[in-house]
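Same chain, two partners: chain A is paired with chain B first, then with chain C.
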Partner chain A sequence: MGLLSVIKKVKANEKELRILMVGLDNAGKTTIVKRVNGEDIGSVSPTLGFNIKTMRYKGYALNIWDVGGQKTLRSYWRNYYETTDGLVWVIDSADHRRLEDCKEELHALLSEEKLVGATLLILANKQDIPGALTKEMLTRVLDLRKMTSRRWHIEGCSALTGEGLLQGLDWCAEDIGSRIYLCE
Partner chain B sequence: MGSDQVAERLSSLTVGDSPGTPGVSTLLHQQRREPVLPEQALRLTRPTDGFLCPLSANKYKIDFREFEIKDYDSGESLFHVKRDPEAALPTVPDDIDPAMEAAVRTVRYTFPTSFLGRKTIRTALVFSVGPDPVPNFRMIERHYFKDELVRSYDFNFGFCIPMSVNSWEAIYDMPELTKEREEEILASPFEMRSDSFYYVGDTLVMHNKAEYQYKD
Partner chain C sequence: MDAEVSVPNDGGDQAKMEAKRVQMMDRLAAIEEARKADADARRAELDAAADPRENIRSFLAGFEERKARVEGEVNSHRSAVGTPDAKPADDLRAALDALQADVIAIERSVAEASYFLPAYDSRACTAAVDHLKKTVADATAELLPRKKFTFSKKKKEATASKPDSEKKETDDVAAQLARIGIRTTMMTTTSGTSGPKGSKEDEGPGVRNRTGETVVVDASSAVGDFELKRLVDCEVYLCNLEPLDAVRACDLRNTRVYVGPVAGSVLLHGADACEFHLCARQVRIHDATNGTSFYVRTASGPIIEHSSDVRFAPYAFGYPGIDEAMEKAGFGGADPGKWREVEDFGWIKQVASPNWRILAESERVPPPKPPSIDAT
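Coming up: the complex of A and B.
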């Protein structure tokens, strides 16, 4: 509940980045956001809409939009593409059965015109589970090398242990920052 | 105020359509309200007299389910209210008596005095929407102390998925208050007020008020 002047100050000092987080249901999107934010991850239930969270991170104000990944919700993702600076695609690396589904949805998403300029971070989540595919394997399986004109990065991570999350987020924020605040 | 009372108030803030067809008195009541655009809400400099839309304007059935305020640095919960999701929404007719309407649509918060000294707070709101897609949902909130505008907030949720449950967490820096100002606020219960306007596109669909006091 700041005064007007305070709000102006925050806006001037903090660079706002809009991050859209999507992926199939049960990939761990909400748990990742909670883990990064230092919250309890014990009771996460399926997201039936969106979760918006503002976070301060390395001088940036991150506005993270985590949108539910259930099949019935995916057709609504397009409503959240506008003004997205960074796209985070989350994968359940141990869900071998739905890799094809995951690949299709990802490539469909990347063909969206409104997302052409967005930085892409792929989080290969659930690396703590035995049998999870490594980021190198996923790069091959998901045909990521096909993306030649986009800035992208894949990071192995675990929302449970926290491994890899900050490295991924660092890359994402740095990449967007170097791109959109270059002229300052 | 106990949290049960607050919960009761919170639930009464989210009211569905009134049953049956509107009577003459309802129509007269509505005619008194001129539509107020977002740009106009952003120019208001004092609390409104009464409410700028009827309760029945909430045709998207936007329903607030949970609200929490936390200290950003310590994570300590300062205020938390959650409505039983099974509880039916109360219905209130549009031709409700204005005094009654003010009571139903105004929440009174009592915060501990230490609240004024917090550096940064986090607010978390959970809301659901009805069966229709909500195209462009936006909240404008104006805060006043003794009829002086002290804060304005404007947030665009954008699109809401039909039947969705959504959450929104924001961070606010608290102003550093002078000793005099803090004493003035403590000595003026409920003279800190806010108007919350909820728009879908340019249409005002909800208008609620809140009043705050700081007391241990």
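Coming up: the complex of A and C.
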């Protein structure tokens, strides 16, 4: 038992979780990553390509792949699906006009075979803006209850104030961690 | 033998021959003895090396015994039903579960023995195990039917109570959504087909569906997210005193837009021969064409996508109170000149994108003074 727990501990320390961050353009993906990392968010530019950030979080090494969401880049998302443990879908909750777009892209993404096992965290970003949809509204509008076989969670957050980000990430890391332990 | 036959009547040599024969027989006997001893030794060696557990006969005997025990117990449980000996359901379940585990153990032992069992015995044992499994499963189904019943009942309860709470919750949410102008009727459609255009209701602060007008937006109504939509031949002045969170513009034609500082981003989808004066953290331009020009100040380079023939120049718009608003939005000090660092997402080659260019100073049009609000 002693040896087993030691091995488990070592494994947990080495454990790398691969997180893919996607969402429509201007959702705030890069800003969220920078915020969580404690970097300056004032001069974030639209992502042309992708950014990778590795950070230690609760004994895990999180590899966050932040992929640009502009329309021309969306066709490249599929190159990042392989071996993704967790999927983070970021929504600009104040963007009422493109909710339908957002819903379509999300459901198209979830029908990808390579992402079937991935945990899904939905971040309803920009909750600080007046008129932003709440997470309950987004659950309804995006038809999230349709997903019955997947482990998912929606969290309201604001990259500007930092509210909700860590709760979301906590859930994500815990869910992936528990899933991986179950497999062992 | 040969000697005896070949020299039957040679009396003188008979004794000699007899001695020879005895000698030979002794040698043969010795060889025979040695061979036997050798074989015994080898057998003993083999016996010693052989795993006693791999004895076919003992395995089969043990198998029969275990099988008979399980069958006997199943039968005793069956016959106990309805008599005072009958066990309570929980005990019975535990007993049957234990029997099931026994059967699995037997099955495992058969699998382990399969490499030394003759093919026939191996098959027979496997068949017997299958039968045993079925016997126990049948007994479980027969003696404990209630297990299944409670399970389905529980499930029914759960599904029956869920829709009520869920329905109430979604009704509340639908009401909230309706208040801000988002229809939820299409939410029930199962596929991702694009819903009716009506889902994008024109709500919230904004200027929409105008033709040939000059609109000056009152500073107090220019808050949060501001939307500019379907404007033709218009002129829009947004002289906000507080930084806006975001400006979203779509489907503009031959329209001039003058906006004060935006703390977040400006998103543009579709502009034909327009002119924009923008100051925002990010400027994202989509589908702009036909000589649309942007006088911008940004914290990071503006980006264009699916656009062609667009021009860029520095921001020069001003009105009373803009300096304070810019300070609040994080645009204090001099323009760092990011406006010329344009990224074209539709152009990944090393050479400069042909879709945009910098407006020469001589081509730049100085922004007009915004008309006073009283004028509208």
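Assume the second predicted complex is superposed on the first by the 170 of 184 C-alpha atoms of A that agree within 3 Å, B and C clash if a C-alpha of one lies under 4 Å from a C-alpha of the other, contacts with A are read in each partner's own complex, and residues count from 1 in each chain.
Note that in this section a contact is a pair of C-beta atoms (placed from the backbone, for glycine too) under 8 Å apart; a residue touches a chain by one contact, two chains touch by 3 or more.
The structure displayed is predicted, hence computed values, not measured ones.
Within the superposed three-chain model, A:V141 lies in touch with chain C and out of touch with chain B [touch as defined at top]. In the overlay built on the shared chain, the residue A:R56 is in contact with chain B alone; chain C does not reach it.
Contacts of A:L48 after superposition on the shared chain: both chain B and chain C are touched.
Of the two partner chains, chain B is the only one that A:N79 touches; chain C does not reach it. By the document's definition of touching, neither partner reaches A:L166: not chain B, not chain C. Applying the stated contact rule after C-alpha superposition, one finds that A:N26 touches chain C and leaves chain B untouched. By the touch criterion defined above, A:Q70 reaches chain C but does not reach chain B. Annotation for chain A, partner touching more residues between chain B and chain C: C.
Looking at the shared chain after the overlay, A:E100 reaches chain C, while chain B stays out of its contact range. Once the two complexes are overlaid on the shared chain, A:I180 sits clear of chain B and of chain C alike.
The interface of chain A with chain B overlaps its interface with chain C at residues 48, 68, 73.
By the touch criterion stated above, chain A contacts chain B in their complex at residues 1-7, 9-10, 38, 48-56, 61, 68, 73, 76, 79-80, 82.
Of all residues in chain C, only 166, 169-170, 172-174, 176-177, 180-182, 184, 187, 190, 192, 194-195, 199-200, 203-204, 223-225, 227, 245-246, 248, 250, 264-265, 267, 281-282, 284, 286, 299-301, 303, 305-306, 330, 343, 345-346 touch chain A in the complex they form.
Partner chain C is touched in their complex by these residues of chain A: 25-26, 42-46, 48, 68, 70-73, 94-97, 99-100, 103-104, 107-108, 126, 129-131, 133-134, 136-137, 139-141, 143, 145-146. Remark: chain B residues 75, 121, 128-129, 133, 143, 149-153, 157-161, 163-175 touch chain A in the complex.
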